[in-house]
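Structures incoming, each one as structure tokens.
Both complexes shown next keep chain A, but they swap its partner, so chain B is in the first and chain C is in the second.
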Partner chain A sequence: MTHAVQTILLGLLTGGVYALLAAGLTLVFGVMNIINVAQGALLVLSALLTFELWRRFGLDPIAAAALTTPFMFAVGWAIYRLFVARIRDAPVSMTVLLMFALAITIEGAMGLTWKNVFRSVTPSYFSQSFHLGPFFLPKAQVFGCLAALVVLGGLYLLLTRTWAGRAIRAASENPQGSQLVGVNFRSVAALTFAVGVATTGAGGSILSVLYTIFPASHYLWISRLLGIVVLGGMGSLPGAVVGALILGVAETLTATYISTRWATVMFYLVILAVLLVRPQGLMGSRLRRDVAA
Partner chain B sequence: MARGRWKVAAALTAMVLVVAGCGGDDDQGGAQSKEPIVIGASLPLTGDFSQPGGAAKNGYEIWRDMVNQQGGLLGRQVQLTILDDASDQNTVVADYNRLITRDKVDLLLGTFSSLLNLPASAVAERNRMVYVEPAGGAPAMFERKFHYLFFAQQATAPHQADVFVDWINSLPADQRPKTAAYPTQDDPFARPVIDTMQKALEQAGVRTVYSTVYPPETTNFDTIANAVKARNPDLLAQGAVFEDGVGLVRSLLKVGFSPKMLFQTSAPSNSDQYAEGIGEANTEGVFYTVSWSPEATYPLNKEFVQRYQQKFNRIPEEDAADAFAAAQVLQAAVAAVGEIDQGKLADWLHANQVDTILGPLRWDATGAPQSDFLLAQWQNGQSEIVLPQNVATTDSVVNPKPDWKSS
Partner chain C sequence: MKALASPTGLRRAGIGLLGLVLAAYPVVRLDDVYGQSVLILVFLLAIMAGGWNIMAGFTGYVSLGQSAFLGIGAYTVALLSLRLHLSPFLLAPLGGVAAAVVAAVLGATVMRTREHAFVIITIALLFLFQALALNLEGLTGGSNGLTLPLPAWDRDLQNLPFYYAMLVLGALSVLLSWWIRRTRFGMGLIAIREDEDKAAAIGVRTPAYKVLSFVASAVLIGVAGGVYAYFLSFIDPRGMFDILVSVQLVLAALIGGRGTIWGPVLGAFVVVPASELTNNLASAEGLHLFAFGLVLGAVVLFLPHGLIPTVQRWWSQRRQRPVPWEQRRAVTVAERAAPAPPEPGPVLLQVDGVTKRFGGVTAVEGCSFAVRQGSRTGLIGPNGSGKTTTFNLVTGMLRGDGGSIRFDGRRIDRLPPWQRAHLGLGRTFQLTRLFPRMTVLENVVAPLRGFSWPNLAADAVGGREAERARELLDFVGMLPLASQPAGQLSFGQQKLVELAQVLMLEPRLVLLDEPAGGVNPGMLEHLAELIRRLSRQGLTFVVVEHNMPMVLDLCDPILVLARGRVIAEGSPSAIQQDRKVLDAYLGEGWGKAERPVEV
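== the complex of A and B ==
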């Protein structure tokens, strides 16, 4: 019993971090209909920047999120202005190709800058745990999960309590309607994209403490994140959180009670199952694309 | 407007091609009678294996520089043509086909990993070209009984930990582990090592309390560490490529379990990255087997390390040394045969032993090597060679492994 509870606790902590990683991806899809497959590469970029800050200045990796988040926001803004804005009217598949090209370019640039070696950020707490009775909670995961909650909370407030957030939600729910009431769709799109990419700032910083980082590891992360987003419902922020927690727990339970071989396959099985049974995901809304378009 | 730009681009491209063509003619005019020996290889310079692939390229290049400085091979300068296969099985096949049929290289050197060497060596075999490969010891490589294939390390994957098993069996009964756990990555290089070890140790009376095979994309090792802790084994032997080796130790630190003996296949040999990943203090007592050590006293090894440090400003990676050794094997065969005749080169290698920086290597009829790996152990933040005794860098062995330092 203790073992099972411990397993679920580990899963929830992992899921909390996954939620943050998936939030930006689902936000950008919800508003802009863009599947940002470069999200994984941007995540690894932020993790490597964190590594650099930690190595050079001894900056705590999770605190580094305060620097990487605005930086990745700027990166997101620049990517939107330079590339995405130019093909806004092209079919979705074109934006996927564009973002994939960008991911590969970023991977190459990271390989040149940081060499193709594994990087690890190891602050004093990386290997320590909090002990609660018979249970242990790895400190890095707890801090990471808390930071993820802070960022997700901030994102929620931004979307629900500010005019910029209302504009983003309006644009996401009804692009034409929002334009009619005076929302500047172009600047909202740039803002959304930048906010979506900014989440990789905090996400990457947290990731750098939890895992070893390698330029090519972005493929693994993007496929995992897509699984979460598909399960939660493409475009739904609460869906991404629920999807992340479910998959975090499913991953650890499978690894413990079934087989470690099946643990990583869970993400892909979920994509398949959801698309077959409930294509809109747990919390996504089924769009009448024929009418919307 | 757009069409105009294309025309300019096309004209420019044509000019560049013409100029490049002229340059080529000039080079050939200057080369005269003794043309260089061209050796072709394709390496994973990008993608999953880009790290070892890049190291292997460095190893080949250091070898080329050293050979050329001493007058080359058969009195001819050596030139390398290295392509990038992007860690992709289809690309590596296309690359070797291109090297053989279009570039018409004189000799081949192998690529990195069993995954890539499997299809690439088949291309070489079909074209009857000697194929010495630096890293690819999966059993499947040798089940095909190729004649032109040679693996330039001491042993195939299933036998890489034999030296560790022998060491355990040599211990007094009360120091031997009673129980063991065997998590391994599903990797053609790591898993056979652990499978063979598990069988051998079970025969020696070590009870298996946990074993699991996890896929390469596993990042979260908390659950495995948690399960290992619950079984409390004396020996933990992991088939670890790299990331997973660091990941499991980190998770063991977090769950607070330190085995009395810890063996990992190749992760601990990536010295700086391994120490950085788990904390240098925690490396104490970790065992691994390795094909090469910078301290080994084999001929040319010191020069290789010096050269490498001069050029790349760091201690060579094991993968770089393996590549260097593979090139040494090819060099020895060409020097002994005295001409580039692929059939004679293969026959010579099957019949002779070659001295390399990994020690003496020899092969059976399938190209599988017949020597032993080195048993290494982290001691005081350094990797030391423990066995075999004639190249050991220390007399002492840390056993049992001390507790983790930072938990």
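== the complex of A and C ==
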């Protein structure tokens, strides 16, 4: 029993980090109907940058989020302006392909820079744990989860307390309606995309302590994130958080009681099952389709 | 879409020459083992891109998991040949069978999703297959992969058997695409790509078509997977279920031209050599991927239609000729008498207590009415009263939340749209929904009065159907525009073509959704006259219309819909005096003045 609770606790800590990673993906989908399959590659990029900051300057990986987040924001802005804005009205499949092209370009660039070697960041607390009665909580996971929750909280405040955030939410709920009330959809789209990518900054920094990083591991990450976002309901932020916690726990349980290799399979099965049975996920909304007819 | 813009003779000669050169190549350059290997990869990519093109180019469903069929074929053949000790060549067709079976099973479930959900599912499926091949070690050897027997033939033959096997499969792949494109099956696929709901409304049994196209797109890839496994003599999960292979085949099809017959082949001849070149020039880790990503991005951004369509467009613009278009005299208005009093024909359509909710909004609530055979029934009502929703419920584009709909005594409210179309229910749309990239004639030929296997293989435009379509186009006065793409027609012209399209179904009841909306007065007269003539031939109409003079003149009886239910029914004159109708249109207590409604 203790073992099970311990496993669930670790799963929740993982889920907290997943929530941040998935938030960016679902936000971009909600506003722009774009599945940013490069999110995984951007995440790994941020993790490798964090690795570099730690190796060269001894910067704490989680503190590095303060640098990687604005940097990835700028990267997101540039990606939107240079590429995505050009095919805003193209069919979904073309934007997916474009984002995929970006993902493998980044993967290739990372391979050139860091070689295809497993990297991990190991600060002093890397192998230490907090002890709570019979349970142990690895410090890296606790710090990572806390940092993720702080950034997620900041994102929440940004979306609910600022005009820019309101514009993003308006554009997400009703793109045409938002334009009628004066939201400049183009700049909101650029902002959303940049914010979505910025989450990979903090996310990647946190990941660098928790996982070994490898250029090609972005496929694994995008699969996880898609599973979470699909389960929560594509475009729904609360859904992403709930989906992340559920799948974080489910993954840890599968890995502990069955095997690590089947833990990833679970994400694919979740994607299939949800999209076939309940395409709107747990908290997504189902739009009326016939109005355009 | 023709394969090439040049005349047929030249095209045939070109294809023949290409076949000859490729068939002779390994014999002429017997020692060029590397060149042969590169060509084998070109053929393989052409087969895969060609398969993808059937799904994505014709049917409009973009998959990023297409390479899974390569792995399924490869593993099936490898496992069977290791167990049965038979040559993988003999077993390769079974790889195709396995791929087809998987495609059929998956297609039946997966094809219910659209757009982004479909893309995500295909990626997830590919990774799922990879994970299964990795994890089911007992069967597949896991990450150690499987080693196949070495070829038994004389070593002097080198790779020739592989070369010719792939060449034949490549030729079959082009033939399959070409054949599909010219059949009624292919036309149905294009209709689904252009507008899936509309396709169902004109009788295309969309699920069957989609599953078949999925199977057609998978089968040759499965066979090629078996041959490829033998060629490699070693397969492992990462190589066989590789998303990069999927992306590479998509790139090939995009470069050549999605939806064309030869695009995937052309693309394969561009992508494979380019890929070999970067591999040879620089062996640095990641450079190959980096370049690949850049090229894919550039193609998506700057050459989204591909080489063949781009060249075709340039060619046809250069030789553009003015379209001969004569304004048809509107059909002379013969007996402009008031519509004959509705003979009380039997009830053809019976709507009973039908309800439809969208979240908290109830668009149609307990709506009941009957349409009698041979009548021209008008359906009017203020905006938002549920007219179009009612049409959608009757034709099956929406499923109701309650109530029943009977057509000719048969309950239809649970039937899919195409089956209702087969029973003789046709409709036009408020904003016309022709297939914009098909010609006018193809649009009118497209409707299907039933589903039969032999009919799938029939010529797309030909036989009695084409004859009939021309007659109907002549009837509505659009025959001179028969070979124009429907998207280039004016709105009014599109309405007429859509009417001809519906008539192709030989319907018993036609639902017209705002036939007069956005149509100029001259054409309106023409349209009304056409409806009258069809009506005299016994066709039944239900007309939703805001143009009151037209509807009051054309229709009898008239049903008035407000807040999702029928509030009044009667002759035009009775309706004009009906208190409830006036309230519904003008709000209650609209004034003392007793005037007929004129909107």
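Heads up, the rule we're going with is that the second predicted complex is superposed on the first by the 284 of 293 C-alpha atoms of A that agree within 3 Å, B and C clash if a C-alpha of one lies under 4 Å from a C-alpha of the other, contacts with A are read in each partner's own complex, and residues count from 1 in each chain.
Following the convention adopted for this analysis, a contact is a pair of C-beta atoms (placed from the backbone, for glycine too) under 8 Å apart; a residue touches a chain by one contact, two chains touch by 3 or more.
Just so you know, these numbers come straight off a predicted model, no measurement behind them.
Following the overlay on chain A, a clash is recorded for the pair chain B and chain C. Shared-chain residue A:116: touches chain B and chain C both.
Of the two partner chains placed by superposition, only chain C is touched by A:234; chain B is not. In the superposition on chain A, A:272 contacts chain C only, with no contact to chain B. By the touch criterion defined above, A:93 lies against chain C but remains apart from chain B after alignment on the C-alpha atoms of chain A. Look at A:71: by the touch rule set out above, it reaches neither chain B nor chain C.
Contacts of A:105 after superposition: chain C is touched, whereas chain B is not reached. Touch criterion met: A:261 reaches chain B and chain C at once. Of the two partner chains, neither chain B nor chain C is touched by A:185.
More residues of chain A lie in contact with C than with the other chain of the pair chain B and chain C.
Among the candidate segments 22-30, 58-66 or 94-102, the part of chain B whose C-alpha atoms clash with chain C in the superposed model is 94-102.
With the contact threshold set out at the top, residues 108, 111, 115-116, 215, 261, 264-265 of chain A are in contact with chain B in one structure and with chain C in the other. Interface of chain A with chain B (complex): residues 3, 6-7, 10, 14, 108, 111, 115-120, 122, 124, 126-129, 136, 138-141, 211-212, 214-217, 220, 251-252, 255-256, 259-261, 263-265.
On chain C, the positions that touch chain A within their shared complex are 56, 62, 64, 109-110, 112-113, 115-117, 119-121, 123-125, 127-128, 131-132, 134-135, 197, 243-244, 247, 250, 254, 284-294, 296-297, 300-301, 304, 358-359, 388-389, 392, 397-398, 429-431, 433.
The touching residues of chain A, when paired with chain C in their complex, are 29, 33, 35, 37, 83, 86-87, 90-94, 96-98, 100-113, 115-116, 215, 219, 223, 226-227, 230, 234, 261-262, 264-265, 267-269, 271-272, 275-276, 279, 288, 290, 293. Only residues 46-48, 50-51, 54, 183, 186, 212-215, 217-220, 222-224, 226-227, 230, 242-243, 246-247, 250-251, 253-256, 270, 273, 276-279, 282, 404, 406-407 of chain B touch chain A when the two sit together in their complex.
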